[in-house]
Amino acid sequence: MNAPLPYDPNRLAHCAGEIIVCTRELAARGWTPATSSNFSTRIDEHHVAITVSGRDKGRLTEADIMVVDLEGQPVATTARSSAETLLHTQLYKRDPGIGCVLHTHSQNQTVASRLYAGNGHLHLEGYELLKAFPGTHTHETELDIPVLPNSQDMHTLAAQVDALLDKGPLWGYLIDGHGLYAWGRDVAEARRHLEAFDFLLSCELELRKLR
Amino acid sequence: MNAPLPYDPNRLAHCAGEIIVCTRELAARGWTPATSSNFSTRIDEHHVAITVSGRDKGRLTEADIMVVDLEGQPVATTARSSAETLLHTQLYKRDPGIGCVLHTHSQNQTVASRLYAGNGHLHLEGYELLKAFPGTHTHETELDIPVLPNSQDMHTLAAQVDALLDKGPLWGYLIDGHGLYAWGRDVAEARRHLEAFDFLLSCELELRKLR
Amino acid sequence: MNAPLPYDPNRLAHCAGEIIVCTRELAARGWTPATSSNFSTRIDEHHVAITVSGRDKGRLTEADIMVVDLEGQPVATTARSSAETLLHTQLYKRDPGIGCVLHTHSQNQTVASRLYAGNGHLHLEGYELLKAFPGTHTHETELDIPVLPNSQDMHTLAAQVDALLDKGPLWGYLIDGHGLYAWGRDVAEARRHLEAFDFLLSCELELRKLR
Amino acid sequence: MNAPLPYDPNRLAHCAGEIIVCTRELAARGWTPATSSNFSTRIDEHHVAITVSGRDKGRLTEADIMVVDLEGQPVATTARSSAETLLHTQLYKRDPGIGCVLHTHSQNQTVASRLYAGNGHLHLEGYELLKAFPGTHTHETELDIPVLPNSQDMHTLAAQVDALLDKGPLWGYLIDGHGLYAWGRDVAEARRHLEAFDFLLSCELELRKLR
């Protein structure tokens, strides 16, 4: 007889369903090229549902979603999640209000990260869509998206993210040559932040070509 | 027993269906990023069907459409429409021939609005597609799309739009860093105007890169 | 009792079906903005099936297809086709081997037509895809796409097209600020030519930005 | 009575199914304009399933897939494959670990091939997505995509590819004005390489416009 699962399997099924729908839609836009990108939602205080490493994000099924604890260790599974799992779990661990983390590799995100890596951030202002972020009620807002140097050492990256979070509210960051992390209290909010970031990056890149 | 509704619920159902189909198609093109944009059609002389604020425009159902009067006040509902409702209702109030108002945030619209805000307008000429606007029978036409400064004060914006309408026929305008408003006598005409504006903006931006 | 139709209604139904499938696919790519563009196929020696003017090309049904004779006059219908019908029928009349004419307004077509109108043509060479045109067996081919000045006088345009056809084989031309005409012996060939032209135009525009 | 087939027809049906799904998805992205491009998978030690020449890649069915031997000769069919079949079979013949070869003509591939043909290669570094290629565990990797001069003589092209393969591991190459070849041990891996190449080319082209 199997040991009982340390999480509610019905809650996992719900989380997996939400990840699958969201991920397929983002894959259809070309934001997850070559099996890249990873997606997670919170199951409960101690567990997170996350995509299994290396799967085609346009064809996800329940078998492509696994459970990790807040240290990023697999729970009741032999599947393996991405090395970047730590960048997801650090957020869930730090802020109980975070319910979803989305990491994608769109062309806009990758190109913007390369162009603004030297600055360490990309500055946004004058856009109505800045109101997509909580606590922003006007377009007369400024927002800096941090751009971190890429690294294969997740502890190095996680420490830099922690330092950014210490400074104040944050809804996402870029990694140079890599992609974007965005999050929110649930899938809908994380998705709204992700879409707003990508749209604003695309506008900045177009304006840079046109000015 | 509930008071009878001050509008015909069958007419509302028809209007809601038209908004849902049109909005989902525009969302699929990426013109409504991060739950932005809002859409309305006229129910009758005194009422307008409009999208509820903050909903994902790619997943609209009848529950995401509400009724407002021509002052923009909710009718027989506790739902809340966008602060920009006033920019819809000012058009219905002013011109009984207007049956549909579409407001979107495509990348072309946002980028063009930023580039031409200083001019106050974007000048179009030499395009066959200018014939998409009523009363235009040749490409040898000139059309200026006004670009208004963005504001969170809808009365300020509405007053500027009224001043523009006083000058002559108008089928749409841009707001800086924000997006496009377009309208017509019904959904089909408003959609034709919206598509024509977006296409012509995209051509102008490409030509600016190429010349 | 109605007079018998001067064409085979089964053949019309077949032609209409082919136009509908092809047009919806091209509309989905954004090549028919704001109800623009028109499409036709040959029914027989004297009749052509063509789209009714002003219809949304993403939603065509059989009711949106009508019959004209080779002078462009409506046959057994009160529907009205585009003023540009003459640019279709001149091709069917001149060459019994032509079975399909496709006219679209993609962004690439419109922008390229504006940029190269001064030259009167756009020169293509060095592309493998030039082999999409009949009689071309190598990429070491040169092809000039003519760019005609736009006009609302179809007889003027038709006379210019006739002069081009007198010079040698031709599979398409651009009209300034307007769009592309492409044709072939059947829908499949006309579509192949249309796609090849649009792809090659898009490459030329990108290379012009990048060089 | 027919001679028995020299390959397993069930294995062919499986291979054809994989090619059809993959090809339709790539066609939907516009990577196979004007019936261009060709796709193959290995059936067994001596046979390859490959697309029939000239078919619309968005509408493939089993009738559009044929069998060739490792010299590129048709097996038990009167269908004809592309002249480029030799560029597929040379890979299957040389390396028994190769199970799938994908050849596409996206705009990025064609434009990049024209821009970098003079160099003979396009250099990539600093991208996380370089990890999509086997044996790459870090973004601190450099990869050169070879760009071969186009030719209608497949033996000339094949000899150049052989010379490249002699130098070390390779997962794809560009042909000038033409497109990309990518391969892998199965359809999933070849597709991952193809998507990674196209994405990285698109980023390089965008960065060249923006820097």
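Lettered A, B, C and D in written order, each chain numbered from 1.
To be clear about the criterion, contacts are C-beta pairs under 8 Å (C-beta built on N, C-alpha and C of every residue); 3 or more make two chains touch, one makes a residue touch a chain.
These are the chains along with the protein names UniProt gives them: A, B, C, D = Methylthioribulose-1-phosphate dehydratase.
None of these values were measured; they are calculated from a predicted model.
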Far-end chain from subunit B, centres as C-alpha averages: D
Type of subunit B:subunit C copy interface by residue overlap (half), same or different: different
Distance from the mean Cα position of subunit C to that of subunit A, given in whole angstrom: 46
Averaged-CA centre spacing for the pair subunit D and subunit A, given as whole angstrom: 32
For subunit C, residues that touch 2 or more chains besides their own: 209
Touch-based graph of the chains, sorted into line, ring, star, complete or other: ring
Chain pairs in mutual contact under the definition given at the outset: A-B, A-D, B-C, C-D
Subunit C-facing residues of subunit B, complex: 25, 29, 126-129, 132, 137-140, 188, 191-193, 195-196, 198-199, 202-203, 206-207, 209-211
Residues of subunit B that touch subunit A when the two form their complex: 30, 33-36, 56, 58, 105, 107, 110-111, 114-115, 150, 152, 175-179, 205, 208-209
